[in-house]
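Shared between the two complexes below is chain A, which has chain B as its partner in the first and chain C in the second.
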Partner chain A sequence: MKIVGKRVERIDAEAKATGRMIYPSDRRLDGMLWVEVVRSAHPHARILSIDTRQAEAVDGVVRVLTARDVPGENAFGIQIQDMPVLCFDRVRYEGDAIALIGAENRQAAREAAALVQVEYEVLEPLTDPDEAMRPGAVALHPDGNILHEGHFNKGDIAEGFARSSVIFENTYEVPMMDHAYLETEAGISYYGEDGTLTVESCGQYIYRDQTQIARALGLSLGEVRVTAPYVGGAFGGKDEITVQIYLALMTYHTRRPAKMVATREESIISHTKRHPARMRFKTGASKSGKLMAVEAYIVSDTGAYASLGGPVLNLMMEHAAGPYLVPNVKVDAYAVYTNNGFSGAFRGFGCTQVCVAIESQMDLMARALKRDRLAFRQDNILHQGDMAGLDYEMKLVVGAEDTIRAARKGKLWRKRKSNRKIPSRVSPSVARHRKRGIGVASQMQGLGLGVGIPDYAEVEVELTRDGKAIAKASTNEIGQGAYTAYAQMTAERLGIDLEQVEIIGADTGVTPDSGTTTASRTTYAVGNAILMTVDKLEKRLAERAGEKTGRLRGGVLCCPSRQVPLGELIDGPSITVRATFHIPVQDREMGDGLPHLLYSYGTHVVLVEVDTLTGEISVEAIEAYLDGGRVIFRTGFEGQSEGGIAQGIGYALFEEVLLNEGHFENTNFNTYIIPSSMDVPVKIKTVPVQVKEASGPYGAKGISETCMVGVTPAILNALQDAIGVRFLRIPVRAEDVLDALEVDEK
Partner chain B sequence: MRIKVRVFGNLREMAGAAEMEIDLPDGAAVVDAIGASGLEDRVDVWVLVDGSRAGRGELLRDGAEIVFFQPVGGG
Partner chain C sequence: MKIDVGLLINGTEARFEVEPDERLVDTLREKAGMTGTKIGCGMGECGACSVLMNGKLVPSCLVLTASADGAEIVTVEGLAADGRLSDLQQAFVEEGAIQCGYCTPGMLMAGEYLLSRYKRPTTDQIRNGIAGNLCRCTGYAKIVSAIRKTARKRAVKRSGR
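Then we have the complex of A and B:
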């Protein structure tokens, strides 16, 4: 391969580094109004009245909108439209939108927003999902408080435990987590020259955003255009609608451009979160080290509205038994409405949560059986053809064992005895208070949307007479390096230089529907679609050349008997072709997106150091062994891994959205603590374990979520190794370490 | 002409089936297939014809496969 697999320069690097890249929050238009959202002061209340007169009187205010100004359906939501665009009778979380202000400047908009008088009947917030599930609890939605539930049984769970010589049962608590993307939700809307209502924003699926906007405004799809090519981070937090409908509404009513940029406080309060969950896991293994039983009872707090709470719960169930062969599995899971913000898509999408539990349990069982912790995992790992936890076949190649084998050869694990020693450069008076430990975790992550939901990518490739290519896809570049990977695959396939490829992304007026930028799917789906499109181009050009076959190489069609310059085959400046790739799915449908056919795999090895005087935890080194199939964009792959490591450290040790009776308490980065460069180890090694996936473009799959998911449980396992404490709740803070050590001492 | 119809997700309840075959007159378009499948024509009813997104006005051929679904997500 000349280009695929190489460390090329990102195609957007120069524009981003020099500031030429225009993000949604950078856009300005003459005559634009600033939009501010009036949000609920309470997590749960009835709205008795809304008085906008004082707000309307503020100098500079052009328009104030409430629910009666929503011309279409006053509702949105990816799966269930249970979230009002603008609330009029009830608010269900502190962040529910009630009114929109459009003003000549931001100051006036903010001043007016503070003057909207909302009379509430404050209601008791439901903040405990267990309470919310009880019969008689106040119903937050017409069908009650259980958004979704699932129950699976494989084998005989009682028999499984009866045959286990080690059994562990623990309840794990994982917090609500914020996506903490660098660019908050932002966008601009306007009427284009062709009369289409255009919204330039940050959503991770522009075609679905187009539908949600059209539905709310009572417009046809053709009357709405949405673009979002370059976005300053997302991680799933921009999958659900954020600012798009508000912007469109303001432009619809005023016929003027409108802009909105959420403050960090507003962002943390108002967008989806990672589902907090309480997970009771009971697992058993035989004396010979074979897993016998996994029983999981999961309650996921989905907050005020559905968003993707159902599918996230499905993935929790799907991944509860991990990448392991387990003969007896019982999973009962509930996604429950509360007044605690609202949760949705976030990197890992449910797998992140359950991996904390199952990988902690694996470590406990391995230790009790006095087994090597990686060997124990390897002895129970799934292979192609095995039945996964919820009793469906792993039909494609499974690289999980390959990642474990690679991890066992890595320096951190091989030299774990010496790695546990405090370095000699540390003075003895300090060293005696420090303890080091090594932890591991293995995991699998479903790629794509899973079965039951059409999952496709349509791509267009335009080939010019001089051999340049323009590939168009509607997925976004959210920082993951996707557009560079697309360019590499296009260039490799056409036999041209990377510089001869242009990627045009995310514009419903220009790019075909390539599906969501989520679920680790775009390299695989868009990549395959690009290859299909080039196949079609070659066929068409060969026909024009009067040949049976031809292969495009460097601006020439290479046929068996001759080479034909493109200039002889293309009338006009270029030829354009589209093709659609459908992600293959399981033939058994067990729920929305359940199960997957395609998975990526990973094993993380982590070295931590704990200061037993202060409780401070330092992640000293991490090795990530990641099977995402063939690597397309090597630097991007490593970047994803490093970012995933930072985010996994955040989940394990720092991050928790704190709510007090439904009120957000930490809404900026001075109180919602995310890892800084000081908290991420210098010693990071990312090893691609390239188990080629035959159905993938050049054998590629995806890695965007796997690179994060295993980090957190590996850290927890390293903490046990260091100080002998099993933490069941994250984030683990210094005070938790000190409390645990104090208990230990006693 | 005879068209194969597959329906996903919540739309199955509306259509009354996950899969069906419907007969349409020659020259029928996607919009005709929506009604004939028992579905309400809403902006959030998306259509694939023979695997690719199709607009309401796209003409159908005998033997085409239509998929109706709502743009929900997953992970």
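Then we have the complex of A and C:
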């Protein structure tokens, strides 16, 4: 391999390093209006009246829109359209939109937004999912408050516990988490020269955005164009509609370009979050260290609207038993509507939550059995052909054990005894209060959308007479480095230099439908589709050359008997071919997107230090052993891992969106704290465990989620190793450490 | 009431008519057309809007343009000379310190500032120096190495003279 697997420079790095890259929030057009959204003042209320007259009178205001100005269906949502574009009778969370202001400048738009008079009948907010589930609770939606539930049984759970010699039962609580991408939701809209209503924005699936915009505006798909090539971070938080329909509505009604950029406060209040969840896990293992039973009862708080709350719950169930072979499994899970914001996709997509629970339980059982914690995991690990937690076969190659083996060889684990000692450079009087611990966690993460949900990638490759290639895909570059990986695979396959490849991304007017930029899927799916297009190209060119076969190498078609320059085979400036790759799925559907056929795997090893006087926790070192198949873009692979580690630290130790009776309390970075450079260790090592996936492009899968999921429980397990305390709730903060140690002393 | 303000932006003099409460970041982005400087939080917490003002690192969302009259401003657009990346920009590209890239301009300005303060910064000085600049993609490791690499190169260059 000349290009695949190498540390190439990102194809977009120079534009980003010079400030030339234009992000959605940077776009501006002559004559554009600024859009501001009037959002609900209450997490739960009936709207009695909306008076926009004062707002309309503000100098510079061009248009104020309310629900009656939504020409199509006043509803959106990825799976179920239960969320009003503009609310008219009821609001269900603090971010609900009621009116849109379009003004000549942002100041006027803001001034007007504050002047829209909404008369409410304030209702008691439903903030406890357990209460919301109870019969008789006020229904937030016509079908009640349970959005989705799932019940699975494998084996006989009672028998499993009867045969266990160690049993632990704990209830874990994980918080609502914000994606905290640095660029808030933003975009512009305008009528293109051909009359299409164009929205240049930040969504993670432009074709679905096109559908959602067209539906709300009562337009045909062809009348709407959506683009979103380069976006300032997403992590799932821009999967659902954010600004797109608002922008389209304003341009539709005024015929003028419009721009919207959410403030950070608005971003945190309005967009989807990681689901907070309460998870009761009971697990048992035999004396000989075999996992016998996993029983999970999960309540996921999906907030005001569905978004992807159902599929996220499905992934919680799918991954509840971890990457382990468990004969007896019982899972009961509910996704429940409340007035607590609204939740949806976020890196890990449900796995993140349950991994905290199952990996904590694994540690407790290993300790009770006096087993080596890595060995206990390895002894129970899933292999190809095994039946996974929900009783379906792991049909493809499973790299879980490989990641454990690799972790065992790493410095952190191998020298764990000395790593646990406070370094001698620390003075004894200080060292006395410091404790160190090592933690591990293993996990698997489904790749793609799972069985039952259309999951394909169509791409177009254009090959020019002089051998250059342009690959077009509708997925976007949200920081993950996918466009560079596409360029590498295209160049490798065509035998040309990376510089000879151009990637055109995310424009419904130009790029075919390559699916969502989520679910660790783009390198795998788009990569496969690119390889298919080149196969097709070679076939077509060989036919033109009158040869049976031909292989493209550096602008030449290499046929069995001769080499034909492309100039002789391509009449016009170029030849264009499209191909569609369908992500393979399980043959049995157990629920929406449930289960998966493809998984990525990982094991994390963490060293933490705790100051028992202050309660301060410091993550000193992390090693990540990740199997996402063959690595395509080495630097990007490491970068993803390092970023996932930072987010895993944030989830474990800092981050929690605080809600008080449905009101958001920490809505900017002064109170919603994400890890800074001081909170992430210098000692980070990412080791690619490259178990080749036969169905992957060059053997690749994806790691953009698995790189984060195990970090949080590994930290919790390291804390137990350091101070002997099992934390059941995250984030664990200094005061929690002190409280726990105090209880311990008494 | 509009105020007439003169700034020296990346070596070029520019004059703006600004409102008293106009933020420097908006003058740069909306009036000077320099969108390299980003806005992440609007309250000086994230560092995406960092620029150098008279040689000091400032969050340009907390600076009123009217108060900056006569100031020398360096933004990310002022780092590359004659179409060639600066050594720090080049190191960011080579080390993989850029992912979504939205924090990159501010991060580069923070990097330049700390390199102006420390000739041979330690890793902790680098981490401290960028602690006011949030990045959600990279985990900071490659940003720290890019700055360290640049410091080393500059030291070699200096000693070679």
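To be clear about the criterion, the second predicted complex is superposed on the first by the 746 of 746 C-alpha atoms of A that agree within 3 Å, B and C clash if a C-alpha of one lies under 4 Å from a C-alpha of the other, contacts with A are read in each partner's own complex, and residues count from 1 in each chain.
What we mean here is this: contacts are C-beta pairs under 8 Å (C-beta built on N, C-alpha and C of every residue); 3 or more make two chains touch, one makes a residue touch a chain.
Keep in mind the model is a prediction, meaning the values are calculated, not measured.
Superposition note: with chain A as the common reference, chain B and chain C can be accommodated side by side.
Judged by the touch definition given at the top, the superposed model places A:Gln79 against chain B, while chain C stays out of reach. Using the contact criterion defined above for the overlaid structures, shared-chain residue A:Leu308 touches chain B, although it does not reach chain C.
When the two structures are aligned on the shared chain, A:Val680 is found in touch with chain C, with no touch to chain B.
Looking at the shared chain after the overlay, A:Asp513 reaches chain B, while chain C stays out of its contact range. Counting residues of chain A touched by each partner, chain B versus chain C, the larger count belongs to C.
Residue contacts after overlaying the shared chain place A:His582 against chain B, while chain C stays out of touching range.
By the touch criterion defined above, A:Asp239 reaches chain B but does not reach chain C. Once the two complexes are laid on top of each other via chain A, the angle at chain A between chain B and chain C, using C-alpha centres, comes to 130°, given in steps of 10. The minimum CA-CA separation between chain B and chain C in the overlaid arrangement is 20 Å, rounded to the whole angstrom.
Taken together, the two complexes place no residue of chain A in contact with both chain B and chain C. Chain C makes touch with chain A in their complex at residues 29-30, 34-43, 45-46, 48, 75-77, 79-80, 85, 89-90, 92-96, 98-105, 108, 123, 126-128, 130-144. Across the interface of their complex, chain C is touched by residues 7, 9-10, 12-23, 25-26, 28, 179-184, 230-233, 235, 261, 263-264, 477-481, 635-636, 638-647, 668-670, 674, 676-678, 680, 682, 684 of chain A. Those residues of chain A whose C-beta lies close enough to touch chain B in the complex are 78-79, 205, 207-208, 211-212, 214-215, 219-221, 236, 239, 308, 311-312, 314-315, 345, 349-350, 446, 448-450, 452-456, 458, 512-513, 516, 518-519, 578, 580, 582, 592-593. Interface residues of chain B, counted against chain A in their complex, comprise 8-9, 42-44, 46, 48, 51-53, 67, 69, 71-75.
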